[in-house]
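Heads up, there are several structures right after this.
Below, subunit A partners subunit B and then partners subunit C, in two separate complexes.
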Partner chain A sequence: MAVTLIGSDERVVELALDGRLDTAGVDQVETRLYALLPQAGQDVIVHLAQVDFLTSMGIRMLVTAAKAAARRKNRLVLVGSAGAVAEALESAAIDQIIPIRASRQEALDWFEQNPRA
Partner chain B sequence: MSAPGVGEVSGLHVSIEGEPSRIAIASEAVRRHLTEQGVPIRAIQRAELILDEILSNTIRYGTPPGARAVIEVSVTLRGHEIELIIADDAEPFDPTRAPEKKPAKTLESASIGGRGLSLVRRATDSMSYERRDGRNVMRFRLAV
Partner chain C sequence: MVDPDFGMEGDQTLFGGKSAPRPSRSDHVHSLVVVGGPDRGKFFEVSKTPMVVGRHVSAGIVLSDRRVSSRHCRVWLDDHDVVIEDMSSTNGTWLDGHRLEQPERAPIGAVLQVGECLLRHEFRSREDLKTTVELDGELKSAARYVEALLPPPRRKGFPRVEWSWHPCATLGGDAFGYGELEDGSFAFYLIDVCGHGASSALHSVSVINTLRRRTLSADFSRPGNVLSALNRAFPMESHGDMYFTIWYGVYRHAERRLRFASGGHPPALLVAESGTEELRTHNMPIGMMESIPFEEAEAEIHPGSRLYVCSDGCFEVHTSEDELLGYRDFRAIVLDSDEPEPKSIFDRVKARSRFDVFEDDFSLLLLDFQ
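Moving on to the complex of A and B:
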């Protein structure tokens, strides 16, 4: 399990998760994921296309990251979930609390359409 | 020799100490076993999800600080059904009676955790519980 900073400009930081987000996987990446969250002023895209398994521990980590971003007035969007990962996010109704988009462009469009408060 | 196909009866039994790093060992054993039986990946992932959630819950909340449960995991493929039995000597816990949390409507009001049993309920086709000889015995059935 890994988390990688794959892009950053003045508006958006992009992080990619790779592997299994289960109890063991979360242990390996959560500290680094939280450390990579930007200070106020940059929104966050978390890419999930390379995550192939997600449990409630992984969802807990994503919700914690979204709340940490929100405390800094940043928005966090999840991108590219598929298969079992999309199913778990849907089962837990995560789309009610964190925007989930199919692609990077859709995430950027969402930031455009939902100006910062 | 080829692996038996879906339709035959084949079982796996794993015993682990109730410690977080052991979850991956049990999960790997179940994944390998069901893969060898020709079970489709989505059904394997559902079984692994249930296993991760229940073991994680037992290990984190089922024993007093410093104590460790002994957890037995059995997986049997019968026809087009996986039976997953998880038994432990931790505190009594009946997942079939645990209340389901309502999903939050806003990020601000959402709790960070507490979604494991909801995921288990959606991943399994049936689940049952009994307390037997001082042990929790949880049985899950999943269609392949």
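Moving on to the complex of A and C:
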């Protein structure tokens, strides 16, 4: 399991997760993921296309990251989930707390259409 | 800063593979610790002298699982890896999820599976290992305690209730309950706390006791109201960052109506002559976010219907082909058989699983409206 900073500009930080987001996977990336969250002023896109398994602990990590971002007045969007990962997010109704979009462009569009409070 | 107790040794090559340099400590030993299966809690020190793992008493590492061959595999220490060689066993030797075709190295942390037994390579002091074994014993006790809180199958009332509950090796956070309410309706629920281990089990027990004793300020005949009350009572920030999913239903026999609400939980399957429905409401798990509304829904229950309420451990199962079963597969397993009882469904899921010991708790409730 790995988390990688794949892009950053003045508005958005992009992080990619890769591997199995189960208990062991979360142990490997959780601290680094939180450390990579930006200070106030930059939103976050988390790419999930390379995640092939998502358990309750993985969901907890994503929600905790979204809450941490929100405390800094930043917004966090998940993109690229598919298959079992998309099913797990849907089953847990995570879209009610974290926006989920199909692509990076859709995430950027969402940031544009939903100005910061 | 370098730990003075640690030394680094150079690369060693075996079977064409490279072994990464690893730390060594004079007071530490390499061991295989049984972390799953009937022998959970045992540990075996591994040395450079090959040792047979098997069911026969002559083996150096004797396991009691019937799916383990008499002489199943051999293990020995080479540098800081445990090397594992299958001995033409009937059910194969697996390392971190793949079947061994030739001798392979198991680094520290790797998990070996023979039969239902999971053995993890650990490099720790004997004192630590003793503590690990004691903690595993505590987990077993915790599993027995959770099981003691589960109600017996309900074979005389209406609806009839049967269930199948199998905790995973590390004990998950599944639990369930049911009973009649004061107005004569029948309430039932299944919860699944995130994560595994003692903390999840403790949280699960706390929630289930709240529901059993009805110490929650809620109208227990209104599922949405119950979920809202639970959400207020168990915010994750004040409960070790743990949340849980739930499926809660209330059946009124006079009206043959089921009122239900789910929070982040897989749909329940309502199987009737007229067809199959997936019952869920699009609510978040409990404790994840404060002050959110929880919606509920209703379904008509026709005579002869069956309702299955499951946890995600019923279908998040890796197969022998290393594929992950999903809810669709579970639905097909339930529907494509004349054996509707939970125990039979568990056996069919288990037959598809790579491991005999599941990676998450398996909890399945059947409410039979026959």
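For this structure, a couple of remarks:
In this text, the second predicted complex is superposed on the first by the 117 of 117 C-alpha atoms of A that agree within 3 Å, B and C clash if a C-alpha of one lies under 4 Å from a C-alpha of the other, contacts with A are read in each partner's own complex, and residues count from 1 in each chain.
Definition applied: a contact is a pair of C-beta atoms (placed from the backbone, for glycine too) under 8 Å apart; a residue touches a chain by one contact, two chains touch by 3 or more.
Values in this document were obtained by computation on a predicted structure and should not be read as measured data.
In the superposition on chain A, contact of A:Ala70 is made with subunit B only, not with subunit C.
Of the two partner chains, subunit B is the only one that A:Ile98 touches; subunit C does not reach it.
Once chain A of one complex is fitted onto chain A of the other, the partner contacts of A:Ala35 are absent, as it touches neither subunit B nor subunit C. Using the contact criterion defined above for the overlaid structures, shared-chain residue A:Ser56 touches subunit B and also reaches subunit C. Contact with both subunit B and subunit C is seen for A:Thr23 once the two complexes are overlaid on the shared chain. Common to the subunit B-facing and subunit C-facing surfaces of subunit A are residues 22-23, 53, 55-57, 59-60, 63-64, 84, 88, 91-93, 96-97.
Contact residues on subunit B toward subunit A in their complex (touch as defined above): 20-21, 23-24, 27, 42, 45-46, 48-49, 52-53, 55-56, 103-108, 110, 112-116, 118-119, 122-123. The residues of subunit A lying in touch with subunit B in their complex are 22-24, 27, 53, 55-57, 59-60, 63-64, 66-67, 70, 83-84, 88, 91-93, 96-98. Those residues of subunit C whose C-beta lies close enough to touch subunit A in the complex are 192, 194-196, 236, 241-243, 245, 263-267, 282-285, 288-289, 292, 312, 316, 324, 326-327, 359-360.
Remark: subunit A residues 22-23, 52-53, 55-57, 59-60, 63-64, 84, 87-88, 91-94, 96-97 touch subunit C in the complex.
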